[in-house]
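Next come two complexes built around chain A: one with chain B, the other with chain C.
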Partner chain A sequence: MKNLQIKNSQFGLIVSLPGLILLLLWVGLPLMLLIFVSFTRYDVINPVKFVGLQNYIYLFKDRIFKLALTRTLIFFAGSTLVTFLFSVPAAWFLSRIRYGGTLIRTLIMFPWAVPLIVSGFIWGWIFNASYGVLNHILTTLGIIKENINILGKSYLAIIAVIIADSWTRIPFMTILTLAGFTSISKSLYEAASIDGADIFYTTWHITLKLSKGPILTGLLITSIFSFRTIDAIFSLTKGGPAKATYVLGMLDLDYIYSYLRFGLAGALSIIMLVLCMLIAGIYVFFLLKE
Partner chain B sequence: MSIRGFLNSVFEHKATPYVGLGVILIFLLGPIYWTLVTSLKTLPEAIRWPPSYLPGDITLSAYRDVLTRSPVPQYLFNSAVIALLTTLIVVIASVFTTYALSRYPYKGSRTVLLGFLVVRVIPPISLILPFYLILRQLGLINTRMAVIIYCIYLTYPLSVWMLKSFFDQFPQDIIDAALIDGTSRLGALFRVVLPMIANGVAAVAIISFLWTWIEFLAPFLFINTDELKPITVGLYYFIGDETIYWNSLSAGAILAVIPGILFFVLAQKYVVSGLTAGLGKE
Partner chain C sequence: MKKILILSIVLLLSVVTTAVAGGQKEKIEKEGVLGLINWDAPKTALERLTGDEYILPEGWDKTTEGVEKIFYFNSGAMRHDPATAKNIEVFENLTGIKVDYAEVGSDILFQKTINVFVSRDGSVHGMSLTDGPNELKEVIGAGWAEPMPFWTPEVRKAYPAGLVSAMTGADGKVYATVDTMRSYLLFYRPSWLKAADIEKVPTTWQEVREAAKKAGDWARKNLGPDYYGIVFPAKAYNLLHMIQAGVYSQGGRIIQADGIPVYNTEEGKKSWDYWVNLVKDGIAPEAVLGWTWNDYQEVFARGKSAFMLGFTTYVNRSADQELSPALHKDVFGNPDKGAKGLGDWAVVAPPKWNANMPDDYRAAFIDFDAFVVNKFADEKHKAAALLFAEFRMSKQAMANELIIEGNESFYPGAYEDPDVASKILYPEPRAQSARTTVMEAFPPGTVRAMDILIEYFARAVTGELSSQEALNKAQEEIDMIFK
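Now for the complex of A and B:
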């Protein structure tokens, strides 16, 4: 045919080539530069100098790095857990209602539209020590006697940033889990109920066990996003009080923005990248086992 | 009756899911409601103790202040420019790329697709340093273009994966029929394929827009002139002020959230299908 002068495979290569170049320029190039920078002493005072693994060695010995690593693990694990504890029941309830499903689903999506930096502000206003609505609710209920400075106490500040972060992640996880739940054949439930299975049995053995794939996928995404995003912490606590919420991303930002030590920031970026891949790898292992 | 039997009857009751969802919705919507209420108060009312859960006299003064006496309109405009341009570039690029990769495979095209997936595991925060160094070298620091360039990296691989599922599902017969009629392969893309997967493309565009709209770290690092800041960075500097105008700040937050909520209300179905296809936001 005249309109198809070149082969399909040639056409595919030509049309996708600009996109491929875009990917290489936008991801390949920065990645190479990052790897290079991580092996150099790169700051604003001295000339750039190759130093081998010194940046990595410095970080692994650094007390602040270890502290930030611990905080990161607590933060991302906590955020994933809270997201899970809200999303799976929400999806389960949604799969069992007959009326209003679309409306409730739309309402559940709302926090997803909130930029994390704004989520941090919104929760900061709720947690506020002097005017915060949460303090009012807790004192009215008699749970606390007088207002507490939630963001001023280390152990409470961690919980606060976990809430502000997971709050925006619940919608997506819920939708993904719900997609898993609703793809299960109705006949399985009917067969189980004929056998006399009760709701605990069917929920555990059918609903949850057959949705392992979507739930694991959702947890994977929640985990790596919580691991690498610091916006909520940034607007809520800025890493405080007394570095209680100082995660690796905050340290990275300080190296770039405050200390201007790009070599160390590079090494730290590589470490975060490897940790992220490690987390993803663990989930993919379990997903493939399914 | 046994405990298990009792719990069974509770969980199987028709009202239980609604009660459960009610509790979850209070947690999910309460903060947004509280921000909205605060934005409709005057400052003295906003910081009154005990707080009032309904605004006494609803006043739009906070919105008037924010829209006329603060740079918030400029911030919103910057956010819109950055998000629209990013979306335009990303959608055009990913439509061509995905059409070729999905329909006209060549030796190595599967590796390319895998590449688009693998780069999504790279945490954006790790690449912010090399982007900063490159943009500084190019003299682009303190321009909106810098943020757009970074956000292309952020949204492009995701867009390709979301679009891929829409292209993959498209029946080949229809494309073949158009080709037999003498249309070129690119003509088939524009005249046949795109009109039929318009919803999918719209979903991808919305998600790219939102993802760029909510980005904070890149504009925070790349832009220091107030007139160029997007709303996320602008609001952040609001908080740093000595006296916090909680009602105005709340009004600013509501304005920052509106585009996203509007998109979800209007196009929920497509956004959800696009998301579950491409798996993930941010």
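Now for the complex of A and C:
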């Protein structure tokens, strides 16, 4: 029995092994394959050929890649900002509700359960220029005289996809922020109150400052998901009009499924992965600093 | 000793079973579908296909022995495909093989199909390709489709040459058949034309523009802002069908002698300008930039547009009061059965460019969903799927498509059957459209070219670029793909 004794660190390694092996199989191996594919000309018609960095060079010179990268940055920044601006106040209000808080928290989670692709369709009907409910309401209220072509105008379409995307992300961010808010000791608020601090002071210096961790974690998840999302855009605008909502994910989708250029799709996926890691790195830096 | 004996017997039996099974498999693989089915018996393939009732080929039962069902991807919901449902029923009764299907939305059908092919998945035996003219060449080129052996030289001659050519690979074999196909007709609202004081139903694109402008102006003044002269799709590939209609109506073509698509020919420039200016001049709404093939026809079905160049399939849909209630009222909202008792709508063949053009130029593009059999399916299921594919291009199946669903017939002989003709709505303009319709075979890479055109069309419509500048820039990028 004595021989079976192992150190804690060794035991930890042993119990982690199955998970590690699965991770290698399901993440490591596909990633290796993806990296390999990204160095090939792989278009299903011609024989597969190793082309080195040509796919990457092609992408960095490609007008559509540059356009999609710009749209992605606008979309991910917009979606993260809208999610942040709505979820933090929502969490603040929820943390102060005395009655029915559980019910409201449950209700607020509903949009999170809606698949993004469905969210796109829902908002597509709402924004429709001909029979959309938003135009109907605005016309009935006399705010507009003619229907607004939301999905047909470049600057409005990008806002529309940001709204459709944020709508499903706000609940998650709200609950995460709320968890941060409710974990703050009440004694801090009481002490601040005794010292004469008003609600703005306590919100800024206690609630928000002490919840930086959960907020940053929520923003990290929201940012990464928004950066690589295509679902809502696919069902709402398909990247249009005039590629105004054409993000990198859509370009990747087109390379795989429409143009059947798997080598380019692989290179684009790797670029997106690196960009996601960069974004995550910034958040992790601030989280660790916390 | 006893244990060793039992073990040896089990081992021997396993080896024999494996060898026998392997031999059978090898036999099927060696002889293949062609070897086991005689497509020209009991009658020739052409006779079997073009009779009033389809006849199964000799040997079909032995080849498909043990196949209980086949599975395929249907484009969209089956409730919208009553003719397909009927044809499945007939095929099941004929063969005893159940046809199972997944209803896959047209937006993601090609993606799902590619997934099946790339993963060499043999469990999906057949697939529909929604944008047949373009997607088919990619699938054939990739070697994913099974050649269809019933396409004998005699059969090829009996079906439209342009379509057969679009389904033929570089090796001369035909790899597909038509799932559904539709051409285009000009739809209009008689009561709207009358109210807007438009005396003549337009027969040229120039007349369409004038009439649509007049109808749109009248409606916006008398009915409200969300009424349009004409609607069309500019979000997806069907935009190109509109451009093509303009090109063909002048006698032009997109595909040049070297097989490369060129959109900025003289005819192409005029057609491009035409559709861009319809929006810029307020005759069509800018919302077209967000509309697919389904959206703009839905707008017409809701009674919001005076004209549209719509699928022939929409003849049946428009006649259905439940599906298109607004078309069974006049433009003022009063019940209106129309001259033919089908509602306040009518169709004419696609317009020609101007009055100087011959009537043969009243042509549009023919759009079809192709049906392919998965090369990676096992031989028996492949054979069953091939039988299903063959049945679906028979006169019997095509008559169902024409009568029940309003799709066009891949087999032209179906139109000549008086019984079938008597059951079709608006047979004259449909026959004319079917006769003049143009089928061009687009090379692999066209899907990307279309994306470029759709983007530049939107940039022209929104005023970011001038119409011709947008077209020329689009063509420059398209040239980079093909040259």
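Please note the rule applied: the second predicted complex is superposed on the first by the 270 of 290 C-alpha atoms of A that agree within 3 Å, B and C clash if a C-alpha of one lies under 4 Å from a C-alpha of the other, contacts with A are read in each partner's own complex, and residues count from 1 in each chain.
Following the convention adopted for this analysis, a contact is a pair of C-beta atoms (placed from the backbone, for glycine too) under 8 Å apart; a residue touches a chain by one contact, two chains touch by 3 or more.
On a predicted model such as this, the values are computed, not experimentally measured, just so you know.
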After the alignment on chain A, I want to confirm one thing: do chain B and chain C clash, or do they fit together? clash
Touched chain A residues, chain B compared with chain C: B
So, does A:287 touch the first partner chain B, the second partner chain C, both, or neither? neither
Does the superposition put A:21 against chain B (first), chain C (second), both, or neither? neither
Once the structures are superposed on A, label A:131 by its partner contacts, choosing first (chain B), second (chain C), both or neither. both
Examine A:259 and indicate which partner it touches, taking first as chain B and second as chain C; both and neither are also allowed. second
Which partner does A:234 contact after superposing on A: first (chain B), second (chain C), both, neither? both
Could you tell me if A:146 is touching chain B, chain C, both of them or neither one (first, second, both, neither)? second
Mind working out whether A:154 is in touch with chain B, chain C, both or neither, as first, second, both or neither? second
Once the two structures are fitted together, what part of chain A is touched by chain B and by chain C alike? 130-131, 234-235, 253, 256-257
Complex contacts: residues of chain C adjacent to chain A: 107, 110-111, 114, 138, 141-142, 225-226, 234-236, 285-290, 299, 302, 304, 444-445, 447-448, 451, 454-456, 458-459, 462, 464, 477
Touch list for chain A against partner chain B, complex: 1-4, 8-16, 18-20, 22-23, 26-27, 29-31, 33-34, 37, 86, 89-90, 92-94, 96-97, 102, 104-119, 121-126, 130-131, 133, 136, 140, 167, 170-172, 175-176, 179, 198-200, 217, 221, 224-225, 227-231, 234-235, 249, 252-253, 256-257, 262, 265-266, 269-270, 272-273, 276-277, 280
Within the complex, chain A is touched by chain B residues 4, 7-8, 11-12, 16-18, 20-21, 24-25, 27-29, 31-32, 34-35, 38, 46-51, 53, 93-94, 96-97, 99-101, 103-107, 109, 112, 115-116, 119, 121-134, 149, 152-153, 156-157, 160, 179-180, 182-187, 210, 213-217, 221, 232, 235-236, 239, 246, 249-250, 253, 256-257, 259-261, 263-265, 268, 272, 275-276, 279-282
Tell me, which parts of chain A touch chain C in their complex? 44-45, 63, 128-131, 135, 145-147, 149, 151-154, 157, 234-235, 237-238, 240-243, 253-254, 256-260
